[in-house]
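Presented sequentially are two complexes of chain A, the first with chain B as partner and the second with chain C.
Let's turn to the complex of A and B:
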């Protein structure tokens, strides 16, 4: 039988906090997974297979996915097929969805985690760079993004005030979101006094790194039919990656455009503007929001429809970030979000990863 | 279970694994030429004519083996720049200035350090020139940095 559509049946995440010293990373995974299964009203025995998402360098051990198998429920019953993705959690969710659409499984539990408080992200992301030609220079995620920020601001004629508006909006939205790690607005004085980290990037432009884990339960139409009280349907999903940052025009993000186009086609939509009611975008830095919106053709979205959860600016965990955006979108589509948004029927959720956001994954979710 | 005031033990450690990365023969020839002759030899894709610097052995777009390309540079243009105003154990010096630079005649860019009095002396599109290290051991640091080109 054809698996038909895929639904998000349950969502869950670890208790939001920048530092979770009382819990190991596998314990955060367990927290997210149990919250997700409870949200879905599904027992681990019913789960078909598991896809985890982690980064060995972040966890400080190789094959770190094996360290979260038990926490994710892989040993339940006679043991479950568990597989792993490294990159953003939206890619793990895509893999999980594919396993359902191929007919292999009726459901997939997807979980991602990162404990930023345990490693040094400057050193971890310095290891992104080529060991022969680049690594000794000392670049990391922040200084590399500053190179892109200058090109994006120059190419799109953006000024500091434009970035201020992005940060102010994200933080204002996040203040009302109990699942955001940073739940506080930002004043003009804080923005103008924000220390310069890597010009043109100020501290306020950088999404703060947080410990976290997030989980989704995806299911086929038949699996969802009997169980899900409030399924959120996947209308389309796609991903794409651009060449390395020294071999592309950093003022654009063609991979995001391609991913959005593929997701739009899968959803059977003529265009995204006018169809997408709100977006949940993964931005590691404020300058990325205007670029992402431009590549999506969604620059005219109203303020309240851009990251109504507050987005990654209110706490970002590598790999978890995109799943957090899917969770925020699903909660809002289900009517669970604390601040209501009228006509929220179709959401675009997004994940990104790599130096200067080399890869992008786009999800279109609807009721 | 743990009470609210109970603190977890934290195991402090570090991972130190020695590596030896091969630059490949294409990369080695390039790095040796930079160090010994202070010249930049690119590679070129015979199909799409793209000029790679550092030289790539194969073109990622065409999956064709590259051939020896033209000599490029030594000047280039500054595509973007920044300065790390924070500390990092990865930094080779305090407050390094970084540039994304495309050498004249190349189609790809390189990341490297910039030598400048301040960021105010820099702008997108500025002509830059390489500064070579005195001892010239082959490796990326045989090229010490770039700086605004004299006369630019």
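Let's turn to the complex of A and C:
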């Protein structure tokens, strides 16, 4: 197949804020979709089909996809074909891309949302675990990651200072990004005084949960040709999943390595180092950055080329997180990012999900 | 489509009201192993896994990762899709696009539900907007009762008409070894069964079932090597026009009408009653077997019952509907739409056993779900042009 045929034509995001009490989650979706279509200069009438990204636990509703159809434009005109992925938004975007490459549609609107302020994420992610054998142990998003953090820190000989550097870098980069929710650097005092949440994870190590929605418009080469002023091309994309966290060595992330390998092959690249100019990684916790970079073989990237947007550390919304990374990468490739980066031609954007990031999706994007 | 694609293998579990002998993961594994055996493939041959159910029935978040020991997805691309009642048909549409795109050659698609572990009505009630809709529409049955009442009042259709459709599906199920309920009933028995939500009675309504279905999709690079007669996908369309029940028009089922018109337009179908050999419809209650025929263009408004009374939709009729017994016989919700796809595939492959429609060449399946979401697929034993 020829992977160069799909482009990111438009990107849009809801107004960044940790809490959006004035808007329901469908309204956040509408906000992101409106911004995305405006960015693309495309009307909803021209959109070929829609893929939404919902999670019933996050929304506290069964069939939560049903609640955002209207807001995403599913009823426009004679109605549009629509589907829903549950998981990270990068996976929804992947399915959206396949619906173009299948010849089914010329374009796909992809939108994800999360309203963390309305739920208890520890309770929501406790439901990731087996109801009989695991839930009563108190495993959740944070406590499970704490186990992995220990193994990664021991295995890779990382100390708290190494994690401090990750947090400091992400927060410094995010301070200059108007689409980041947390736009403030972090001081050494703040890091040293950060309260312990689930040892060894301190509050500062945890990407803060934010309300938000993000949308992408993907289009075929033909669709992009007539419309997109600055298309960003998908060079490769792939995803993979690991065994359950209780059944694997948590000091590595083979699913990320496999996803990156498949995306690299699709892009027709010999290797990633030297080709990838910058990365936008989805990190729920600071310890994940050195692990992700190692699995990608990109440990030697310069400081300014690792999460130049600030990454998930400056506000993370489940499902939205990976789309946010694609959006940040696309903006930079288009030259829209406020702080310029020289030679930004090929980006790696990443999404992750599940306990200790059991699932990974990698996108290679070029201008 | 970039690559033509087909269904090459189908596996179903033993469906029952309570499969207390297995966990959810084991139930999934049962369908997966049967589908792989059916296609004579192993897990290693599969390029990726797509799975779906409805989260709140089993209360498992990120089910694709929780069930990875049974779903075959370890070390592979593993994806979850969920759209409510349509989940199974949504999965079939995903199998179509993901393989037609060339991104995957052979894909394992799984729908499942272990309804015995859930409060089905309790879970479905939370589908509706907490402010505007939830106090009015509890669960799935209440909304369908409104639809049935509106249809009856508009066209003078009777409960007896609906009962005849229930008799058909329940009779067909007798010949399907996979069906959950395999007992033929009479019109009188349906009419005498207790009301659940007026005008819907117990025998008008689908059961809740524990079960899973796995279907293997392969694109044209592999399909004919795996199955001598693959079930080629000719069209996949859908509509979901409403987020609030209060916004609905209850007749016609506009989402199905538009999805069908789009598919017919693509395929040049002018007279669907003549141009299909069978249909497997996601009709969760008897009245849908009347009015939704009209949305599919099989009958004029208010005329659906006549087709059913005349035996047109019975086995042996001009257009058999639900040779498997349909949703009235078997309803593991997240699998239900995918079972329709699997049944259509078996029919056009000529492998449907006692429920085979002789000489079936072209089939249509639908999915139905939350706030009148409709999915539709068309299958043929001929490779699309």
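Following the convention adopted for this analysis, the second predicted complex is superposed on the first by the 363 of 367 C-alpha atoms of A that agree within 3 Å, B and C clash if a C-alpha of one lies under 4 Å from a C-alpha of the other, contacts with A are read in each partner's own complex, and residues count from 1 in each chain.
The rule is short, and it goes like this: contacts are C-beta pairs under 8 Å (C-beta built on N, C-alpha and C of every residue); 3 or more make two chains touch, one makes a residue touch a chain.
Note that the coordinates shown come from a computational prediction; the quantities given were computed from them, not determined experimentally.
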Partner chain in contact with A:246 - chain B first, chain C second, else both or neither: first
Which superposed partner A:235 touches (first chain B, second chain C, both, neither): neither
Touched partner set for A:210, first chain B, second chain C, both or neither: neither
Touched partner set for A:260, first chain B, second chain C, both or neither: neither
Which superposed partner A:329 touches (first chain B, second chain C, both, neither): neither
Contacts of A:131 with chain B and chain C, given as first, second, both or neither: both
Which superposed partner A:79 touches (first chain B, second chain C, both, neither): second
Residue contacts on chain A - larger count, chain B or chain C: C
Touching partner for A:93 - first (chain B), second (chain C), both, neither: neither
Touched partner set for A:151, first chain B, second chain C, both or neither: first
Chain C-contacting residues of chain A that also contact chain B: 60, 129, 131, 243, 247
Touching residues on chain C, where the partner in the complex is chain A: 1-3, 54-57, 59-62, 64-66, 68-69, 73-85, 90, 93-94, 96-98, 100-103, 123-124, 126-127, 129-130, 236-244, 254-255, 258, 369-371, 373
Residue ranges of chain A touching chain B (in the complex, touch as defined): 21-23, 60, 120, 122-123, 126, 129, 131-140, 142-144, 146-151, 154, 195-201, 243, 245-247, 250
Interface residues, chain A side, partner chain C - complex: 1, 26, 54-57, 60-63, 65-71, 74-75, 78-87, 91, 94-95, 97-104, 124-125, 127-131, 238-244, 247, 254-255, 258-259, 262, 353-355, 358-359
In the complex with chain A, residue positions of chain B that touch it: 2, 6-8, 10, 13, 15, 19, 21, 23, 27, 31, 54, 60, 79-86, 88-92, 96, 98, 100, 108-113, 119, 124, 139-141
